[in-house]
Each structure stands twice: as C-alpha cells, then as structure tokens.
Amino acid sequence: MSTNPSNESGARREPPAGERVADWADGRLGIYSLAKANMRKIFPDHWSFMLGEVCMYSFIIIILTGVYLTLFFHPSMNEVVYDGSYVPLQGQLMSEAFNSTMHISFEVRGGLLIRQIHHWAALIFLAGMFVHMMRVFFTGAFRKPREVNWLFGFLLFVLGMFTGFTGYSLPDDLLSGTGVRFMEGAILSVPIVGTYISMFLYGGEFPGHDFVARFYSIHILLLPGIMLGLMVAHLILVFYHKHTQFAGPGKTNNNVVGMPLLPVYMAKAGGFFFLVFGVIAAIAAIASINPIWGIGPYRADQVSTGAQPDWYMGFAEGLIRVMPGWEINLWGHTLVLGVFIPLVIFPLVLAAIAVYPFIESWVTGDKREHHILDRPRNAPTRTAFGVAWLTAYLVMLVGGGNDLWATHFHLSINAITWFVRITFFVGPVLAFIITKRICLGLQRRDRDKVLHGRESGIIKRLPHGEFIEVHEPLSQEQLHTLTAHEQYQPAEIGPLVDENGVERKLKGSQKLRAKLSTAYFGEENQIPKPTAEEYKEITSGHGHH
Amino acid sequence: MSSQDIPEENLPAEQESAAGEVADERNPFADPGLPPHEPRIQDIDERAAKRSERTVALLFTLSMLAAVGFIASYLAIPVDKSIYVFPLGHVSALNFALGLTLGVALFAIGAGAVHWARTLMSDVEVADERHPIEASPEVKAKVMADFRQGAKESAIGRRKLIRTTMFGALTVVPLSSLFLLGGLGPKPGTKLRHTAWRNGKLLVNMNTNQPMRPSDVAVGSLTFAKPEGLEEHDEEFQNEIAKAALMLVRLEPVDIKDKKELEWSHEGIVAYSKICTHVGCPISLYEQQTHHVLCPCHQSTFDLSDGARVIFGPAGHALPQLRIGVNADGYLEALGDFEEPVGPAFWERG
Amino acid sequence: MKKLSARRRHPLAAVVVLLLALAATGGLYAAFAPASKAQADETAQSLAIEEGKKLYQVGCASCHGTGGQGSSDGPSLVGVGAAAVDFQVGTGRMPAATSQGAQVPRKKTIYTQAEIDQLAAFVASLGAGPAVPTTNEYSPEGADLGRGGELFRQNCAQCHNFTGKGGALTHGKFAPTLEGVSPKHLYEAMQTGPQNMPSFPDTTLSSENKKDIIAYLDAVNSDETKNPGGLELGGLGPVSEGLFAWIFGLGALIAVAVWVAARTAKAKKS
C-alpha cells in the first residue's frame, strides 16, 4: 500500500509509523480484512442517493448540539421567579426547565446558536427522512433484499417524530405545553385504560411535576439510543447490500458502477457532512426558531392562537382538527371517538406506507434480488399509490394549519375544515387516477422515443410539399436505458380444474392476488415496452418520421 | 402466499440473461457496456489542475479564517448586544456572528473537499461485482446440520421439563418489572371528576386578584376567574387551574336560549369551564356578537348562549357550566362544584 | 341567514350592549367622563359637537341614522362613547365599505385627528360612554412588562397570538395583528370591544393592567423589537418554521447534494 520509497529500498528498515499503528490494530481488530472489503467499495453517484446522508449528518449534528444543551438545561418543573436579562419576563413564575432554556438563550454565550442549530437540524432531519423515504419508495429500492432496511428506515422516521415531540415539549413553554395537554386528552380517549396511562405518564393529574423529567430521559437517552442502534444497522445493511443504481450502459443487476470510497467518496461524503453542518449553522444564524421568550412559560389556563406542533406532527394535528366530534355514551362509559379515531388512523396511515413493500412482493410473487432502480413511470400503480398517500398526508398538513390558511388567504376556517374532510377521501383517489395516467403517458412517450427516435426540432420540407420533423435515432446507450426495465405479466390463477378433473379450491387470497396483479400489470395498466422485433421492423426499410 | 401459485413463465425474463452480455448485433437494446472514460480539463491541462488546487486551498484557508472569526466573536461580542441587520431585524450580534462564521468555517471545509474530489481525484467509473445475499445450498445444509447437532446436544427436545420451566421463568420474570412501572403514578380514582370549586367559593378575577360584583361584569365583556384561595405560587396551582379555570361572560338574559343555563346564571352572567371538552386546551376565543367561543387548538366551537353546546369541530360535548350566585356581601360565588367532569372526555366519564 | 343578521348588527353592536350594561349598573364611567373639563371649556366643546354633527351627517348618518339611533345598516351609537368613535374612525374601520366580508378591516384613515375628535364629541353628546383615554392612561412608560406579558397571555393571546400577530376566528372572521396599532387605539379597543372582540372594562381589567399590556406589546411587537435569534418568520410558530426548514433548509441541502453528485465537466464537449 505504501508508496514510501524508503520502504521499497531497504526491507530491513522499519515500516513508517502509520503502517506500524495499522499493523498493531490489525493484530487485534483484523482491520486489514475489513479494509480489503470496504476501502475501495464502489458508490454510485446520484444526488438523490445523498438524501440519506442529509439525515445521518443532521442526526449527528443533533446529538452533538444536544449533548451541549444538556450541560445547561435543568429538566425540572419546580417553579422559580425569572430574574434573567429578558425584561418582558422578569418577575414571572416559570418552571426551572423554562428558566434554564431562557438562560441558554440569553446568558450562555453561543447557547442560542446551539439551541437553534439543534432545533433546525431536527426539522431538517425529519424532512430529510421523509424525502429519503419517498425516494426509496418511488424508485422501488425497497424490494428484495432491502425490505428489512426499509423497515429500519421507517422506524427511524417514526421514532424521530416522537423524539422531536418530546424535545419540543422540554422547555415547558406555553406552545409546547399546549401540545402536551393535547397528548393528555388523546391518551384519556383510549378506552378502558386511558385514565390509567395518563396518570402513570404524568405522575398524577396533568400537568403534575414529572413530565419534563420523564420526557427528558426519553428524549436524550431512550429514543436516541434506539435510533442510534437502528441507524448503525441501517448503514451496515447499506454497505452489505451495496447501493442500488439506475439502469444505464454497463449497469446491471449484478454490479454497482461508481467511484471508490477511498478517495472519492471519503472526500465527497465527508465533505458533505461539513456542507450540511455549515448550511444548518448559517440558518441558525439568520432565522429564529421556537423563540420561547415570546411564547412565555406554560400555564394550564393560558393559550395562544396558532397552537401547532412542529411540521412532522402536523399530519396528526390535521386529523385531530378535522374529525367530527363523535362521542358515544353507553352503560356509564364514554367512547371518545372524536379523539380516538384520529389516534388510530394516525398509525394506520403511517403503517400503510410501511407495509407496502410486502404487499407488492406478494402481488408480484417475485423472489429475486433487485438492485436496479425503477423509474417511477415504469411502476405506475406503485407510483400512483405513493402519490395518493402523499396527497392524504399533505391534505392533513393543510388541515393542521387551517387557522393560518384562513388568516393568510382570507378564507373561512370552517370552509377549510370541510374542504379537508372531503379531500382526505377524494384527493387520494383522484391523485391515484391522475398519476397513473401520467405514468402511462410517459411510458408511451418513452416507447415512441425508442421506436421513432428523438424529436430533433428540425423541420424538413419533402419534395411533394409536406413538412415533417426530422427524428434522430437514439444511441445504443439511450435505447438500452429506456428498455432496461422489466415488465411483469399479470399472475393467472391457472386452470380451475386440475389434471384429474377435480375442481381446484381457490383461496380468497389467491383470487385477490390475481385481481391485484391484473390491476398492476394488466393490459390497461402498463404500456408494453418496445421489442427488438418492433424496433427492427420500423427502422428497416422506409425512412421514419 | 408462495411463488408456487404464480406460474414460472409469468415472471419477467430473468435479468441474468441480459446482464453483462456483450452487445449483440441482433438485439438493438443490448447493453453497450460502460462508456469509455473521458478526461476532464484538469486531467489533461496541468494549469487547470493547479487552478483547482488553489481553489481547494483557498477554501480550506477561508475555513481557518472563519474559525478564527468565530473565536474572536465569542471573545469580543457581548452576549446582550443587539444589532440591526437587514432584513433580519434587531438580532443578537453574538448569535449572528457565531452562526455565520461557524457556517462558513464548516461549509468551506466541505466545499474544499468536494471540489478536490470532483476535479482532482480520479473520476474513472468502476464496476463492483455483486454477490447474491442468499447462502449457497451447501452452506445452508452445513448450518442446519450444526444447528440440529447443537439442539440435540442440549437435549432441549428430549427433556421437556427443562424446556417448559425455562420458558415459564423467562416469561414470568419480566412480568415483575412491569409492576415497577406501577409506581409511575396514582390510580385515577375520582380525581378527574372534581375541581377546586365549592359551594360559597368566591369568583376571583385573574387580572386583579379581587372578587367581583355582578356590576363589574359588563355585557359583551370577557373575564377569567379562579376559585378564592388558589394562588399562583401554590404548589398545586397548575394542577388545580388546569381544571378550575373559569370563563365569565354576561349576556342579555333574553339572549339565553338554554333554560338550565339561565337558571345557573346570575343576571345574565354565565360561568363556563375554560377547558375545552375535546382535548383540554384553554378555550376562550369569545366572539361577543355571536356568543361563540372557538378553541384555538382544534377549532371546536361552542355557543355560550345555548348551554355552550358544540356547533362545530371535534369536541364531543358541551362545556360544563358552573352554577353561580351572589353572597351576602354582593360578590359572585360558586354554588357548588361543576356537576360533570371538566375537560376531555374519558372512558369512565359516563 | 346568520351572515345577514351578523352584518346587520355590524359593527358597533358591542358598544350598544355596553351602553345597556352601563345604564344597568349605574354608570361607573361617569367617574371617568371628563365632565369638569367639558364645563371648563364649554363653548369650545359645543363648537366641536356642532362641527362633529356636520361631519356625522355627511359620513355616518346613512347607516347609523341621523340622530345616531342606528338602522338596519349600522348599530345605534347612543352611549358608545368617544373612545369607540376614536378607535373605529381612527383605525379607518369606519366609515365601512358598503359591502364588507366577514368583518370590517382596518384601513387608511380618511379623517384628520381634529375631525375625529369632533365626531367623537358629537357621538359622546348622544349618551354617556367611555371617553378617549388620556396619554397618562395608555402611555407604556413605567409599566410592568412582565405582568403585561402575563395579562396578555391570559386575556389576549388566545385570539391575537403570543406576540399579537393575529389569528383566525370562525367563518372568516379574524383577530387582527396588533402590529403598528397605537397605544391609544389598543387601550380603546380593550375598553370598548369593537366588533366581535369582547370588551375588557376597567372593572375587570384595570387601567393599570391595560397599561402593562400596552407596554408589553410595545416591547414584543414593534419595529424596535429584538429578535435575538434572527428572522422571526412572521412570529407564527411551527408552521412557518416548518416551511422554512423545508424550503430553505432541505432545499439548500438538496441543491448542495446535486452539486456534490454531479459529474464534473469533461474537457471535450460532445
């Protein structure tokens, strides 16, 4: 490895210091074997493959800044009188949690910056995970062998939401306290055990004296600990499976084309960490986040309009806001459907996207490994499902901010609520249909491009006066790229009678699968890609236009 | 659920057949293979490479300078100094200086490294082979044999008593830890059913901390009240006010549509729980012309002139009303506790 | 139907009911009414009333009736007091456009302060009501900011947001932003409860309390307000922060990622 000339000239000379350290480590950790497999590992280049890195780096930034914040934060709900430097709060009663957050923001040098980096990084972490998840979804990167890693990623997103929520609650300010109060109401709506869970969580009645300390250990230890483990596992699997790639010349299901970890990706990925940190630090310098001094300390009898959670909980907030107030009283008990139904829909909607890979693999019956990514258009049903899911999600985000829509667009809050109620059901259906049609249209265009060439924009006049646009044939690279995707045939149930003439019993699941398979891959649901024969027939003989 | 019920021929053609294949004359779509590497300017022109080198070095130097600026800002700028920065407004000078210098210091390192990688490191694309994740049948057979051997040697299959009691112990022992969680809080009991209001407790104005006379409360006004004796610095203030918070408005008695509401009011002054029956936000967006109160959290809307019934939004039942009257000294007082639990509904509410 | 009746009751019904309350309780405001001042300067006052009446006949009478008795287009102004007039006309809400939406918005003032004073004097002469507060009453000097913040969160923030950025009410109504509202108008709004805003009379929110609230707003919602963290993003809380994180945070990072992953330009352009 070493190109040190002294090493080559005299074998008896001592190897350089770096090599000796490496030797020492190898004798104990086996690092050479590890490096042999990984040092020149190939990573493909695509901007969307760096979304996961955005998440990982913002997570690291969150941990670094979070550790700093713990040095100053007091997770206590003891009431103290504020006497810090922010005049409009002087003399006010507040919890020590709020007081210490004020101290971090106003008296600790750089404390405000670290607080803002921490919070901005958290919002970006969640946004990054969301986009990363969508990238994986729409390109079909979740297929075998990556289903487990998809679930790890999904869990990271969900845990990230709750880590974020507990962190948002720690300063014990009027905004987050309202969110914690909402959480109490939501827990109380759980049939039978709701009141018990609430009493156990808050150490008695809301707000009690315990929740900040309890959320603190959940926020800084329990959830991030699990997330760190999951993230390491996620990364190990990425290394182990090797990265997926888009179809292209020289890129097959059996290789991965790109540049080696050492040196290119070491520099690019390592550099990207600093780029992410730099951007977030600059954002924290110019934009304020969660200015608790303006929000004020929590009081159970005070509230402000515009009471919203951070964006990643906005979807749940929307569900809660637009649900009709159903409540059933029977046999001396209350079923609080108005709160409990959204509480159940929330995990169900998330689960819908999480289990999708397993549904798709059941429908296709495909047991092979997939390392070539799909272009979203080439999997119209999956893409349409994803867009429908996103539509439901976005509609609920709108619902979660209905009051701000009302004030900023001069609308009636009641009208927006009704709009969201209806669109939550209608929107995804429309989105599904439209997306599928767009995908099929794009498939047709690809097909035309392969068969008839690229529109060159050059208009030619034929001897008999007709104007035509000259189409240029595609290169072999382009032809290959546009036809590299695979197309499934719909699964058939097979003969209804077996070879002995006995009627086969068909399970409902088999029939359902055949139906779904037709919906995915039937005649109307994908455009057959051009075959070599079609191509030859068109390209041979007459000039094409 | 298995692949058997899909005929094999329905699966798409195995990709392996096309993979790594040499471009086939007969197949126009065949993979032409990796395109040949084309050099960048920096690969063929040493001056361009030198320029790149200088850019990278400049970026790293900039990072150092910014870091020095960070340290200088930390040491020099007072923590409470405010400066006007367009368009940000009056911002903390320290936060702004630290954030920007840190941002530049970090970004420049990253930009330098990436520029280095993009322009000076080799950009020849290489292909790595993939290997199937699944083990070969031989490996699988060996593992299964080892497992069976191990299981046999442990005799877990033969000595059922051991197996049963072991699973029993492993199930029961964790149960004990569940009981530790019992100490997290008290049982609910009837805590959610009572508030600090009692018969004869004066309504104390939250703003002035004084009891009120009916004449203090004007039609169209909004006032918040707490039970007498409950003070802000009390240990249990938050827990008590979370249930006892009261909203006081005065309507024209002729405007009150609900008979019970009128009975429980005093000269048109009605007292309602401030805690939303949806999930407990302090609700008090009172529109004095419509007599509606709106919850700022989830937009439940209640009609205070009609028993505070729900007219919009996710709340499931009306706001509880507190029965009020006037004591011998002419001050407003409660005539008992709320008759139903305040705040969000729960299973035992009934 | 609801909308129609709400419009008909626009926009001074608040002050009408306030008057009834005052009549019923014996007119606490009498103590505040600058009766002695009016007597001391009676001729000037009656002149102002005379001038105000002329202005009233031109600008207000078509809706509020020639004698301020009200009509189907506007509420009675008898007893609303000078404070209500000073607020409504001074913030440009009155005169209202002929067709309004859910509520009458703040707009450019079309009367001079002198004319407003004359109008106020005329309307005050129709029946006793709260007078325009004196500088002493509303000036934020010497007030307790911390107490003002607490009172603001107790009484105002539920509609106007933590630092007075405004918020939504039902059916298109809204609590307006308090940015740039003068201390006098803030005081008058609390005192009189314009449109759907409830009133906070001195009996329940003392003059001292109001002063504290005004001082607090002056500290947290003005051009001079310090936002140590940087851009306040509208002061709207997590929604605008989330949008900012998506657009400028993740947006910038994706732009950077595109640069990192893009192929470097080749020497030979094909």
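Letters are used for the chains, namely A, B and C, taken in the order the chains are written, and counting of residues starts over at 1 for each.
Here is the rule we use: contacts are C-beta pairs under 8 Å (C-beta built on N, C-alpha and C of every residue); 3 or more make two chains touch, one makes a residue touch a chain.
What you see is a predicted model; the values in this text were computed from it and never measured.
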Keeping to the contact definition above, tell me which chains border both subunit A and subunit B. C
Chain whose averaged C-alpha position falls nearest the assembly-wide average: B
Farthest from subunit A by Cα centre, which chain is it? Let me know. C
Whole-angstrom distance, CA centroid of subunit A to CA centroid of subunit B, is 16
Approximately how many whole Å separate the CA-defined centres of subunit B and subunit C? 34
I'd like to verify one number: the distance from the centre of subunit A to the centre of subunit C, where each centre is the average of its C-alpha atoms, in whole angstrom. 44
In subunit C, residues with contacts to at least two other chains: 154, 158-159, 167, 169-170, 175, 227-232, 260, 262-263
In subunit B, what residues contact two or more other chains? 88, 92, 95-96, 99, 114, 118, 123, 206, 224, 282-285, 296, 299, 312
Multi-chain contacts in subunit A, i.e. residues touching at least two other chains, fall at 106, 112, 116, 268, 271-272, 275-276, 279-280, 284-286, 299, 301-307, 402-403, 413-414
Quick one: which bits of subunit B touch subunit C in the complex? Just the residue numbers, please. 38-45, 82, 87-92, 95-96, 99, 114, 118-119, 123, 205-208, 212, 215-224, 249-250, 252, 282-290, 292, 294, 296, 299, 301, 312
In the complex with subunit C, residue positions of subunit A that touch it: 45-51, 53-54, 82, 87-92, 105-106, 112, 116, 120, 123-124, 127-128, 131, 174-175, 268, 271-272, 275-276, 279-280, 283-291, 294-296, 299, 301-311, 314, 400-404, 406-407, 410-415
Subunit A touches which residues of subunit B in the complex? 1, 3, 5-7, 10-16, 18-20, 23, 26-35, 74, 79-80, 88, 92, 94-100, 102-114, 116-118, 121-130, 132-133, 181-182, 184-188, 191-192, 206, 224, 226, 232-233, 238-239, 241-243, 245, 274-275, 278-285, 296-300, 310, 312-317, 343-350
Would you tell me which residues of subunit C are touching subunit A in their complex? 101-102, 144-150, 153-154, 157-163, 165-172, 174-175, 216, 219-220, 227-233, 235-246, 248-250, 252-254, 256-258, 260-263
Within the complex, which stretch of subunit C touches subunit B? 6, 9, 13-14, 17-18, 20-22, 24-26, 28, 151, 154-155, 158-159, 167, 169-170, 173, 175, 193, 195-201, 203-206, 209, 224-232, 259-260, 262-268, 270
